[in-house]
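Below are two complexes that have subunit A in common, paired first with subunit B and then with subunit C.
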Partner chain A sequence: MALASTPLSPASRLGQIEHADTLALRNSRLAPGDPITVRVARSDGVAKQARFQQFSVPYQKWMRVLDALNWIAEHEATDLAYRWFCGSKMCGSCAVRMNGREVLACWEAVEPDMTIEPLRNLPLVRDLVVDRSPYEKKIASFEPWLERDAVYRGFPEPLSHREMKNASKALDCISCMCCYSACPVVRLGDLTDFAGPAPLVQLGQTALDPRNDQNKVARMLAQSGIFNCVSCYKCEEVCPAAIPIVTHVIEPLKAKAAALVPGMARHAHALRAIVAMRGRVDPGALVLRVQGLGAFKNLPRILRLLVRGKIAPLKTLLMRKTAATAAARRILNRVRP
Partner chain B sequence: MKFAYYPGCSARSTCAELNVATHRVAHKLGLELLQLESATCTGARELRAIDPAGFYTLNVRILALAEREGLPLMTICNTCTLNVLDAHAAFVSDAELAQTVNARLAEENLHYSGRTKISHFLWVLHEQIGAKRLRALVTNPLTGLTVAAFYGCHITRPPGRYGFVDSRNNAAIEKLAEILGCRPIDYSGRTECCGFHTAGHDERVAIKLAGQHILAAKAGGAKTMVTPCPLCHTVLDSFQHEIEEDLGQKLDMPVLHLPQLVGLALGLTPEELNIDRHMIPATAIDDYTAAPNQGLA
Partner chain C sequence: MQRLKADVAIIGGGAAGCYAALSLRKQGIKPLIICKGLVGKSGASLFAGNLVISGKLLGNTDEQARDTAEFLIKYHNQFLIDQRWARRCGEWIERVYYPELEEAGLYFRRDDKGNVVTSPGKIRSVAANVQGNSGVPFMDLRRKQIIHAGIPRLEETIATALLRNADGEIGGVFCLNLMTGEHIIVEARAVVLATGYSDRLHARSTGTREMSADGIAMAWRAGATLVNMEMQWWHTNDIAHPPSWQRMQVYPNPMLGSEKSARMVNSNGEEFFNQQRDDPLAFGPYTVQLKALAKQVHAGKARYDGGYYAGFDHCDPAEVERYTTYGKTYRQLGLDFPKTLVETAVTSHYRQGGIDVDTATMRSSVPGLYVAGGVGGHSNGLIGLATYDGKVVADGIVQDFSRLKPSPPNSIEAQAEGRRLENLRNASGGGSAPAAVKDKLRKLMWDKVGVEKDAAGMNAALDEILQIRSELPEMRIANKTRIANYEWLDAIDVINMIDACELIVHSSLERKESRGPFFRKDFPETDNTQWLAANILKKSGNGFKFEARPYELPFFEPGFTKKNNLEVAW
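Our next item is the complex of A and B:
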């Protein structure tokens, strides 16, 4: 019997049918000639001052968001600013937000009612055009090339698929910036030093290549802010190249950072140590281990948490050994990563 | 219907009320829960990144414990759910990994063959109980209670696991809330991130992100939020004082665990559901508290 790779209950997809959340359903909503309502954000570069201009576009079979924009630019708004080049999911220049979702205009089917906005988290130039230079500067600062720490032994180099698995996924990136626009941590601006998903995918192309000089990789990871990733998978959801950004790029990069720059990963190492010792996470023990005495700087808060039984200092101090403790100790303490 | 039940670490510490409420509600629903006492942490987000081998072993071990009992697995935490789902997917697609993990598990006479069904409590309600039976079990309909469903991330993303083109289309909690009599509201935070997974080393991201979502829920007219994940609950409820300080305004937004909302509609009292253990008092539900001695008012 073949084993199911996703033994999921249909209840995990409730809402999918009525919201036409499948390719077939989405493509069956319009017939040629049907009017599509398109609202396009127009501005002179100040997102807050953007106004929405509404158009009615006649649907044609297989119509994409880009076709609708082209129709508008030809018939209704010749001054509409938008970018595209290849029209075939290669150049990554036509990304916009359609109904609040980052899409490639050249690869996304139109919807009966569309609001088209520019990408977020980047300076706006005009209408749907954003300034990509902050992203490009970030990538340049990651020195995205290979520096071998061993002598080049000539072609073909001894590399296995397994070794290149993650880097090769990252190499599918077309730099469309959909993920960068969707990332909630990037949206918080300077609050953290998080580089953002797109630059991290670019970093992953070389940092996850085993031939790269590990000292250089460590130097680049140290300026990536990678542990500020909240693991929300918004980037994976919008990636038109279907790169598993969290699983195959950010997590392997975190693993590298944890090994090469352990100071960046204090929290991750602390959590592992606590699970290895206790079997389960004790939040009190985790906070103490990561923050040290700093954990006590907000006493009113600690009292509030104590009153509601949210923290249990006695449990933290008097660790109870259980079957889970024994199992975790055996499994995690054998080989240190 | 019997389940191997995995509460996870949060529901056994910071959110202990969730575990209590789940057991009480399961009893009302006629679900028998066998709590897997020897199960470990699934490793949150950290272990899977820095120690994949340890991550797979701990998670497959949980699936093997359920398989030994011949029972499907029920979870109540989003992150735990995704962890066991991911571990299962890796196990069945990578024979070498499966062999290594089973060799480790053999030391305690455990073995996984890949047959454990995995279900979150939210899905169990829809699938094993079903709308019809649930409706019949509602003795205290929460008529008109405006709730903001807060899904969190790991119960609806990544797309490779759950299959949504747009995770905002998930409607499982709203459909459930309607069965219970509530009026679910639409707001921008429904399937957004609470920021929990960076809060261990820096709370600021979680405070900023969750603040936006609570504000949106409030603006949408929600009397309470409800979440299927204890980690989201921790940020939305336990951090709410800090969020209010950051925003410079009072929010007073109660946040219920999913089983607590169900329990109220099934006639359990807030005390029985340990709702008094939350940081933000759930005053919004006062009008909806069952008064069993006086019949249904």
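Our next item is the complex of A and C:
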């Protein structure tokens, strides 16, 4: 039980501790029979007010979170509601939050002390079971099937892995919704029209497939809200299928959206142009370019920004370059928009 | 109570059920899918690791095409298969299945130059996206095709009984929505059972949580004839720990883009199975492996529940991980991959037997009841075969459609089923929770009806089943909620499981030989004089009777009469 006895560390050392907490360590921290403390969020499906019920579960070799839940359902709380089908990281139905982190219950090693909660950002049914339908509706709205703009030429058709590289990564998605629960932008609810990481991965399966009709891809990207993604990488961090969601799916989709639906990417295009011209980010110029004269509607905000030195109208007007301009252009030219 | 109507009710959302629905829809018939889990996400279809190349696709030679057929008939079915059906199926897979899947968008893994990557050897295969995970994009595609076609789905909804119409034919399904607890009656002109063949009836089982032999039990209650229920397949190298990973397989099949595949060693570290050396023809060498393991167990160098190891320590990590998912399991356990082998154990896998069908139409012996995929008793294994059944059943129903009249199901039967379910939800006896009864049943099947069995053990098993049956009315459900009540589900499941287990034990007693993965200690020989035959189980009054129906052998023959099963290659 090495980690359990580690005292709380300053935030600056957290990364190091996680880094040292290897999979080998996690799988060997406990010996068979050691008690694990598991607190499970229970709710009755009517009031949906969760309470925590605590269990002590004997560790079994290489125990997964799902094994702990199964043990509880067999021995202590026979009425515990949790969804699972395959137990081998294929169906993606058993995702929960363990100690605040989204995990696939069948894939994740148990911790000596665990709090298990249902996924966030989805309606709760009972205990650990969430209603998948909002997520399913979002995916269906993307019409996630191939629409070819050329006639299929027979098996095997001309296609290379080079062309399919990003789509192939997206095809590893098991729709477990871990990323959907972890995403801070999805958490904002109706404040944005962001589809969320998992639906974008599902969209990427066909949108990043070169066989798909680009007009259809454009239509679907237009309703994705993709530029609301703040690239925080929370989705990648929790993905049990290890899909590089930001790097290989969302970023390529953003690039596609910028090319196919330029209006969507006004902010990104403006930012790029400003950095290329001035060698720095100029918030004043950015707001002007994106919002136009509408930016002047909120005068108190402009004043606040002025007082805090966040905007410098004179420099913006004169389009003053910084010493970094040449370097910024060189770097940006390396990456085509 | 909800009442729904469809032309055809399909029970099961795996490869067979989905393809049946899509084929019917294309022919103007309105299907409805009832799925205990989620369409395309539950059941065994997800587990398709790779897809076998049929016929002369992708440059297969005549010899390779023939090897594939021979492998299916010998190694997958031990000659207990309609060989003419197998030939029709192979031709369809070659001509229709692959092009249709690719046209719909399935990504058959390519290399950077654009060649489809295959496993080399006498029988070749391809992968959808990545080997070891082919079923995931395959079934995800099906799920999306079903959505695209606008086919209604009742998901997380359990079919609990087949209902008869006024003519006495099967014309509806009684269902329970697991999320809301609502009863649903689906009226249909025909019902297709497509509930799969990987039921969770043993302590170690590859079947998913929801697979509890519901199809078998419902069909039997409706009077359907069953066949070869004793023919149980086993995985030989599934990961031994933890229990939830009992289905996590160290795939023994040849790897894409490599000459190698996993090897197995006994408790002394001696290699006892390497597919390339020990069985180059058995592309899916499960039974060959099992026989090799049995010899180790007899020599005290392994157990069926562990004590032997499998892995890729003879391979480069890049060689394994370029096109497969195999390394991930080891890495998730923090094992040094590929240097470290992992402890493995036997797991009950597919049941070859099931409901007896007319393989030209997929009709069962009960009018109005059709069958597709693994729950049928006509073949075993492979997602392509299950898909072909979906096509055949759709064609069979189209052929019969004018005869199948819409007629509301018998309301007395429906009311009785509704009462049965409510009584189960309110079960307040002084006995065990349903999950504990399931557990007991699975342990008993593992101990007495496991890999190696004999009459004495199986008769003892029947006594124990009788005992468990007598305890069923005493089951106790802790929470009477209608919402996501998995305990209620367990109570419904366990009644199906106990019926199926009993039929399996009787069928196993009836087949007095050993064949392929079916090991009888008291009858160790494969007996082609008596048992190259279907073991038919028919309902008769309140009991049952057996008949033996010999198989025709138009293309391949075993070539011997009697031989010790452990010495037979397949």
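Note that the second predicted complex is superposed on the first by the 298 of 337 C-alpha atoms of A that agree within 3 Å, B and C clash if a C-alpha of one lies under 4 Å from a C-alpha of the other, contacts with A are read in each partner's own complex, and residues count from 1 in each chain.
Keep this in mind: contacts are C-beta pairs under 8 Å (C-beta built on N, C-alpha and C of every residue); 3 or more make two chains touch, one makes a residue touch a chain.
Keep in mind the model is a prediction, meaning the values are calculated, not measured.
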item	value
Which superposed partner A:26 touches (first subunit B, second subunit C, both, neither)	both
Contacts of A:177 with subunit B and subunit C, given as first, second, both or neither	neither
Touched partner set for A:268, first subunit B, second subunit C, both or neither	first
First, second, both or neither for A:57, with subunit B first and subunit C second	neither
Partner chain(s) touched by A:158 [first = subunit B, second = subunit C, both, neither]	second
Touching partner for A:211 - first (subunit B), second (subunit C), both, neither	second
Subunit B versus subunit C as contact partner of A:247, first or second or both or neither	first
Subunit B versus subunit C as contact partner of A:114, first or second or both or neither	neither
Residues of subunit A contacting subunit B in one complex and subunit C in the other	22-23, 26
Interface residues, subunit A side, partner subunit C - complex	22-28, 44-46, 60-64, 66-67, 70, 73-74, 77-82, 84-88, 90-93, 106-107, 109, 125-127, 129, 131-132, 140, 143-146, 148, 152, 154-162, 164, 167-168, 171-175, 205-206, 209, 211, 242
For the subunit C and subunit A complex, residues of the former touching the latter	37-38, 41-43, 46-47, 57-58, 98-99, 102-105, 107-114, 116, 129-130, 133, 135-137, 140, 144-145, 147-148, 179, 208-210, 241-248, 328, 331-335, 433-436, 439, 477-479, 481, 483-487
Residues on subunit B engaged by subunit A in the complex (per definition of touch)	9-10, 12-14, 16, 37-41, 43-54, 57-58, 61, 85-86, 88-89, 92-93, 104, 107-108, 113-120, 122-127, 153-155, 157-172, 174-175, 192-193, 195-198, 200-202, 204-206, 208-209, 238, 241-242, 277-279
Contacting residues of subunit A [partner subunit B, same complex]	3-16, 18-19, 21-23, 26, 100-101, 184-185, 188, 191-192, 227-234, 236-237, 244, 246-247, 250-252, 254-255, 258-259, 265-272, 275, 279-283, 286-287, 290, 301, 304-305, 308-312, 315, 322-324, 327-328, 330-332, 335, 337
